[in-house]
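A short worksheet on the structure shown next.
Chain naming follows the written order as A, B, C and D, and within any one chain the residues start at number 1.
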Amino acid sequence: MALTREQLAKRVAQELQDGYYVNLGIGIPTLVANYVPEGMEVMLQSENGLLGMGQFPTEDEIDADLINAGKQTVTMAKGASLFDSATSFAMIRGGHVDLTVLGAFEVDVNGNIASYMIPGKLIKGMGGAMDLVAGADNIIVTMTHASKHGVSKLLSNCSLPLTGRGCIKKVLTDLAYIEIKEGKFHLLERAPGVSVQQIIELTAGELVVPENVPEMNI
Amino acid sequence: MSGFDKVVTSYEEAMAGLEDNMTVIAGGFGLCGIPEGLIAQIQKMGTKGLTVASNNCGVDDFGLGLLLPNRQIKKIIASYVGENAEFERQMMAGELEVQLTPQGTLAEQMRAGGAGIPAFFTATGVGTPVAEGKEERNINGRDYILEESLTGDFAIVKAWKADRYGNLVFRHTARNFNPMAATAGKITVVEVEEIVEPGELDPNEIHTPGIYVNRLIKGNFEKRIEQRTVRSA
Amino acid sequence: MSGFDKVVTSYEEAMAGLEDNMTVIAGGFGLCGIPEGLIAQIQKMGTKGLTVASNNCGVDDFGLGLLLPNRQIKKIIASYVGENAEFERQMMAGELEVQLTPQGTLAEQMRAGGAGIPAFFTATGVGTPVAEGKEERNINGRDYILEESLTGDFAIVKAWKADRYGNLVFRHTARNFNPMAATAGKITVVEVEEIVEPGELDPNEIHTPGIYVNRLIKGNFEKRIEQRTVRSA
Amino acid sequence: MALTREQLAKRVAQELQDGYYVNLGIGIPTLVANYVPEGMEVMLQSENGLLGMGQFPTEDEIDADLINAGKQTVTMAKGASLFDSATSFAMIRGGHVDLTVLGAFEVDVNGNIASYMIPGKLIKGMGGAMDLVAGADNIIVTMTHASKHGVSKLLSNCSLPLTGRGCIKKVLTDLAYIEIKEGKFHLLERAPGVSVQQIIELTAGELVVPENVPEMNI
């Protein structure tokens, strides 16, 4: 069975470590915050200028001066700090964030990522995504393995304009957990109940499949 | 008061000298921390042909979106746009030039503009449409592109508190692009919630020194929220 | 405490991992805002062959000058040096390599190092000995040279207050190079006057977010004054 | 009569304007602060991270955490602000300081300045001087017109390593106030009792002398 959005978030959360500073993109990545393992603390970076993002506010706590990168009202966690956008991206681009999780339209065997622009459609912009993929060492891309029509999003070469070149090493899809190295996809884990064959069929780029592909433990 | 008193009492005075075809650097992230009254004044003045550098371009009836109906903006330099229908229409019709710039590059370009750094290398945008026409260089084994800095004829900024000398303090994430914008304007105009006397702000806690500020005005802010998101108490 | 607790209780632990021939970025301006105990620990460890980037190199018996008698510093990158006899002797004898860098360039190089900017253009130093061997380029009618960024295996920093998460607040002009140094170390060690609990510092007033800090130690500071200058009361 | 240090400072002070942000170098420039005209306010920038430098402290006020760029203990004026060195030099290099006053060993007809290094002697470094001369539009150099041995310091070409290239437009010496433009020195004013002939003799670089050279009003 393909992973649900919540299961994707749970699997990503297994990659967290105590004391990690983490930037979570909009969508599925945001859900990761709900599955931080017991006894572990992570601090969320919001690129509009907040390190230590807390939960959403109650009605009484709402403050128009305190939003996240998705423009949602938020709160601050204990030990939070505030700063300007240049400082925030100095943090991101200087490689100080331990883990970045974000979505994509496509990734390819060379670690390229396309996530912000579909030519001919309305282009809203890359926001901070290009900075995040260029600045982080440790990135997990979350997305569906293929489109609704069965078109693979794991390609030999991205077809859409890139958000970043050669910067993605880990991809978690609803079907598989995949590593990118030496110009190939490497299958690390499969979603519970998903066969290796299914994954092979929906992966357009070259995929290395080891003898044993463990099921994800979610 | 002294020659350091930056306070003006009317929006006319605040934006005096803004002319057609000028470049304006604006602080704010979405609708958070935007100089509402200064934008309204530009709308009122009807200044046309503006190039605006700002992370976003407001919504249909608020923020920089107010400058769209009368086609006051010729070109927008932003990282994320299109939260409003009129923007979309003008962009699609080719009436509005949109230069998409990564958010971190935009922030750094404003900082560099204020800091006398004409250009800097960054890894952001390498291999993407953003790199087109820009110098690419490998430095210590990694590829970078060269980005030029940004300055404006005017910078419009929103701060929380200021003293009369223009020393500024921002609040929470309403800080965002405002401190960099403040450094990048030939004339920097700041709209604040509260003006205090010099000496009332702790010098250690001032975010933007008054040297960057030319004019200061007390505003009344609506502070509209784009994505009101709550949890149950 | 949590994984964000940066506090260590011994100087041995604070500087663990510092090895011969490493690069150390140090905060401080003259003897103001220097991490006294961390420097003393490096002296005690006897680490040799160090490259040190710091605005100055202390005096004969205080600050980074303490690392000179045992020839622990191989190379110093600084804007102003020679406030002590042993420094002068080693420099004249060719035992100590001195790379003079304009103060603003040095500060910007540390900031750039921490911010992922590998190089930037600046007008400072054009046509001077500082420009030798560097790319010169005319941008919009003015000449600039290209300066590369600086990073260190270690950064040693002095702050006033910190919470256990490493969020830092500096005091007065003891801030100087410390915030940039903090961003530029692979391992950043901070010596502070007071450690408080997370949540006690106002998030708006934190100068350096804890993300840059790896280790935190409470020190006792002599705070020697170089030029005691007074007026009559 | 050649100007005294105090007279030099007084003459520079006439160039101040109300509301000016000013950086004063070590030595004679520092004295300028004592001659700010009545009813005028200027704010002093100290490049180690202070805008709004006050007078020296009393014994009771001394604070080791509060020094100026010359490492002297100082105080803060009303409305002062504190910042880090990168911010301080962003201010200087970004051209935000209205007036910079500093000393020099030599200047030449092309606006070059040499002020930090005499080869063969001990080299202490340029500190912030290279940043100050490169960053400011409005600079006044103060120095003696010639050495004790009568060797001119206003040259066709600086003989010492430069602090900055083509950045000086105004020089105040103990004998004259001089403007540099179009590759020449232009004599604007002479010190009280100093003859034009004296100035010509002690100026090695090409000097343009107008018909009338007013005496300084000090």
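Please note the rule applied: a residue touches a chain if its C-beta (ideal position, glycine included) is under 8 Å from a C-beta of that chain, and two chains touch if they have at least 3 such contacts.
What you are looking at is a predicted structure, and each value in this text was computed from that prediction instead of being measured.
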Open item on the list: A-B versus B-D: which interface comes out with more C-beta contact pairs?
Closed with: A-B
Task: Distance between the centres, which are taken as Cα means, of chain D and chain C, whole angstrom - done: 29
TODO: Provide the C-alpha centroid distance between chain B and chain D, rounded to the nearest whole angstrom.
DONE: 35
Open item on the list: Counting only Cα atoms for the centres, state how far chain B is from chain C in Å.
Closed with: 32
- [ ] Mark out which residues of chain C touch at least two other chains, giving numbers and ranges.
- [x] 108, 111, 115-117, 122-123, 170-172, 203-204
TODO: Specify, in ascending order, the residues of chain D that touch 2 or more different other chains.
DONE: 76, 82-83, 89-90, 92-93, 134-135
Task: Pairs of chains, among all present, that meet the touch criterion - done: A-B, A-C, B-C, B-D, C-D
Open item on the list: Going by the contact rule set out above, which residues of chain D touch chain C in the complex?
Closed with: 46-50, 55-60, 62-68, 70-74, 76, 82-86, 88-90, 92-93, 112, 117, 122-131, 134-135, 161-166
- [ ] Flag every residue of chain C that touches chain D in the complex, lowest number first.
- [x] 29-33, 55, 78-82, 88, 92, 98, 100, 102-108, 110-111, 122-130, 143, 160, 170-180, 207, 223-233
Open item on the list: Could you list, by residue number, the parts of chain C that touch chain A in their complex?
Closed with: 2-4, 111, 113-117, 163-165, 167, 183, 198-199, 203-204, 206, 209-212
- [ ] Using the touch rule from the top, collect the residues of chain D that touch chain B in their complex.
- [x] 17-21, 40-41, 43, 45, 51-52, 76, 78-83, 87, 89-97, 134-135
- [ ] State the interface residues of chain B toward chain C in the complex, per the touch definition above.
- [x] 108, 112, 115-123, 139-140, 142, 144, 148, 169-172, 203-205
